[in-house]
Amino acid sequence: MSRMTDTWILAAQCPSILGTVDVVTRFLKEQHCYITELSSFDDRLGERFFIRAEFRPERETFDEQAFQENFLPRAADFDMTFELTAPAKRTGAVILVSKADHCLNDLLYRYRTGQLALDIKAIISNHPDLESLASWHDLPYHHLPITPDTKADQEAQVLDIIEQTGAELVILARYMQVLSPRMCELLDGRAINIHHSLLPGFKGAKPYHQAYDKGVKLVGATAHYINNDLDEGPIIAQGVEPVDHTHYPEDLVAKGRDIECLTLARAIGYHLERRVFLHNGRTVVFGN
Amino acid sequence: MSRMTDTWILAAQCPSILGTVDVVTRFLKEQHCYITELSSFDDRLGERFFIRAEFRPERETFDEQAFQENFLPRAADFDMTFELTAPAKRTGAVILVSKADHCLNDLLYRYRTGQLALDIKAIISNHPDLESLASWHDLPYHHLPITPDTKADQEAQVLDIIEQTGAELVILARYMQVLSPRMCELLDGRAINIHHSLLPGFKGAKPYHQAYDKGVKLVGATAHYINNDLDEGPIIAQGVEPVDHTHYPEDLVAKGRDIECLTLARAIGYHLERRVFLHNGRTVVFGN
Amino acid sequence: MSRMTDTWILAAQCPSILGTVDVVTRFLKEQHCYITELSSFDDRLGERFFIRAEFRPERETFDEQAFQENFLPRAADFDMTFELTAPAKRTGAVILVSKADHCLNDLLYRYRTGQLALDIKAIISNHPDLESLASWHDLPYHHLPITPDTKADQEAQVLDIIEQTGAELVILARYMQVLSPRMCELLDGRAINIHHSLLPGFKGAKPYHQAYDKGVKLVGATAHYINNDLDEGPIIAQGVEPVDHTHYPEDLVAKGRDIECLTLARAIGYHLERRVFLHNGRTVVFGN
Amino acid sequence: MSRMTDTWILAAQCPSILGTVDVVTRFLKEQHCYITELSSFDDRLGERFFIRAEFRPERETFDEQAFQENFLPRAADFDMTFELTAPAKRTGAVILVSKADHCLNDLLYRYRTGQLALDIKAIISNHPDLESLASWHDLPYHHLPITPDTKADQEAQVLDIIEQTGAELVILARYMQVLSPRMCELLDGRAINIHHSLLPGFKGAKPYHQAYDKGVKLVGATAHYINNDLDEGPIIAQGVEPVDHTHYPEDLVAKGRDIECLTLARAIGYHLERRVFLHNGRTVVFGN
């Protein structure tokens, strides 16, 4: 993103208390940081405060560690969690795929052209099919087959790779496997899935056949954080495309692909730019 | 509709057999009718054929009754049902409402300005609130209250009005009442409902609260024929609007209103122009 | 708007200087005001800062005048202009129309149901056609015909009504008249027009015929502040609808009506909620 | 397209005369061809008739040449031009690019996965940058640099490749070069361009800067056949994406890329499925 080449991001959340905005903005001013974009929202029902600031240090040098250390006690007064993100930050990520390549192809294109500030550590698949796509992009590809018997082992291997590579983000780009509850827990808030339908409609098997039988006029996709409630995690982004009676189930699938790619890419972009906040199973997304 | 002032519509459906298109188009040519717009579709899975032709008689006089009588035996050969609609046709309709007036206001505006070729016979409500709106448009308003005890009686009264006025179409413009199975059956294929959400998601009570809890980024509306499967009838039209975290449930409701109005009006327009075909619980809509 | 029943709005803009956010947020905290929603943006190219805060006073009493007087010197330090808007504020408005009633009907519906916090002072038209619509809503209607000879006089009468009623906002709801440069200047930043096309395409006469000749697949509408550059004022909101070859120019006009209504209503809502900032011919819109 | 694996397409156009539909549908029946999808439209203003039929031969064998020869005299009676397209038909195409790779990457993905029934003969560019992308897909890449002095020669080389490969379609996937009038004429009706804006707005240089200066809230893309009127050819497909004030010109460019890819791919799909008809500078598109 062009506008992020010289701007840092401070993202924070805490309970709703008088002074939440001021504690952030006053500190930024004291640190001689110029705020270029600011969004805050107080969730009246959840009694939770969210803030995101893009800022540009006005002085030649900016000491990231000092900034964090100085802000820590102030944030503590508000029981505030925060994250500081550098302009050049590229978030380490592992991508899980199966056989379908449309989302992976789209992500790798955006990665290669710098549209998504990702540092892709590995691509993992339970099938060998997408290895050549990965290798064209010079990315390591791990073929980790999965059977009912080996599922626990395979997940352990996946977690190993995530841990060893230090990946902060896990992207399920049409992975087609249900993650175990333990894995969901370990990846809470940092694994993004794309679901091939508008949630919560048409869950379960053959969603596009269900949609066809209802004669739907719109197909959609939902990008969400995974959680234990299968296909029901907190929503980050959604998209739709019009369809009509000439679309048989296989055509709905094809129509769905474009909107899946776009919706997943948008959700990842929001995550990387620290526009997404998660609290109690709901998201706040300062989109644009 | 400007383009319909001199064009008739022939709409038909039948099982998939060789010659289905030809039996219609050959007859129209013999009758010296010029086809201005034609759409046909053969549903491979349902093995059902649908056709809609707009045509302009080339001769000074056009004998509607003779046309129908002459076409009847040919249609019979294909087990084809058909409907001929005159250019000036205004479809008789009864509108059912409750207290919410946004859809009614929108429909009456389109009725008054000739955008919808309706002949509104009556407006029926279980509440008195919308009487003045009806009377400003010089339309009869029937206040028929409903309680669990009087539901059967009230439905009988509603059916009486539909029958006595000869209404062909029943519009449920946010009626908020569940129709009895018998009523659904009697109105099969000629009662259009607008559902305040994207089906099949968020059924039941407080759909917008459910949507809020999931953090949805899109709200929608679905216009469909009613059937015994509550809120699950064949879909005619759907629409969506983007929302974000700043939309509390009551804001989602407000956002939903615009898309409900537009989606219901579009569905009614398609029905009036005989663009909608119903077969085995699915619709074919030759939209534009 | 549900969320505004207890929240005030402070909207401000000034040149880009370090501390712009802090001067606002610190003051709000000192005044014991809890910020429920905050957006700020610094236009890098225009070197201009914009901020909008929704806040809720935490103390029983809130002295509007004292708030303004106390903030004035601080704002002055930043050459900042600001506006404070009370929760119950309904903005006085005059609506200009011609013969087409779709936008007026839509606005009056939203006005009557409280969706738009307007205090409609008068409806002015160069034609008598829409008087009954106004009178059903108990609103004064001024029929001020216009001819080339009387244009100056008529505009003077319009300005008189605006002045005498104290209207802060002027809405051109398909007024179809070109305002004189002087009138544009007097209404700078407070007159919203709806243009029957996506600007800057298809300006001038018969835009829908031009669109038809190009075979466009989308029609749109643009709501903008008027200025001397006819139909080229700063854009507040835009919308589109898909069309196809079956839409003759008169059908494009009909399709355009819905999107004109929605786009104008959205722009007015943004204006009333002080989400729109104007500077050097560009808008910043903190939409939702 | 799944639904095309066993269906042929007959597309035709002629002046508006009684019997235009019948001459097509009667012939198809005589040839024992079952029509699965039919669309016809009569342009009242242009007095021109367009028809597209998808059909499935009912007999084991289907003699393409005999079909054409038999239909020819009947079509001649109506001054009708027509084209018969086989189910397995893959249209030979040459793709012209410059340095930007987003549209090419998208097209090659769809080509490789069979979403677009293309037979890509060559990729031609005035720059060497995209050679590796072409070679990964095993496609010939011709680097033909262009300068004001060599433009005529370069175009001759491009035309040579088109001719020698027998390419029927030329795709300008962000080629960034103005074709000479002669080249436009030679490629009339078979060269598709993607324009980085909604036409006719923001023509000429730096369209996204123009859009930024107007404060647009939507960016779009237009796919059209090229003609001598630069960037003003007959429109095949258009798309839009919402933007706001945080989008600087370079962000508008980035936002535009996605919609350019999708719009170009949709237009090519329509062209390949013979859904697009061209007459007197206007298109009729039987989309879905």
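Assorted remarks:
Order of writing sets the labels: A, B, C and D. Residues in every chain begin at 1.
Everything that follows uses one rule, which is that contacts are C-beta pairs under 8 Å (C-beta built on N, C-alpha and C of every residue); 3 or more make two chains touch, one makes a residue touch a chain.
These are the chains along with the protein names UniProt gives them: A, B, C, D = Formyltetrahydrofolate deformylase.
Values in this document were obtained by computation on a predicted structure and should not be read as measured data.
When each chain is reduced to the average of its Cα atoms, A sits farthest from chain B.
Of the two interfaces, B-C and C-D, the higher number of touching C-beta pairs belongs to C-D. Centre-to-centre separation between chain B and chain C, using Cα means, comes to 36 Å.
Centres computed as Cα averages put chain C at a distance of 41 Å from chain D. Multi-chain contact residues of chain B (touching two or more other chains): 3, 37, 41, 44, 244, 246, 248.
Chain-to-chain contact here is organised exhaustively, every possible pair of chains being in touch.
Looking at the complex, you find that chain C touches chain B at residues 1-3, 37, 101-102, 105-106, 109, 113, 115, 136, 244, 246-248, 250-251, 254, 258, 262, 288.
Across the complex, chain A meets chain B through its residues 41, 43-45, 198-202, 212-218, 220, 232, 234-240, 244-246, 248, 281-285, 287. Every residue of chain C that touches chain A in the complex is listed here, in rising order: 3, 16, 18-22, 25-26, 28-29, 32, 34-42, 44, 51, 58, 242.
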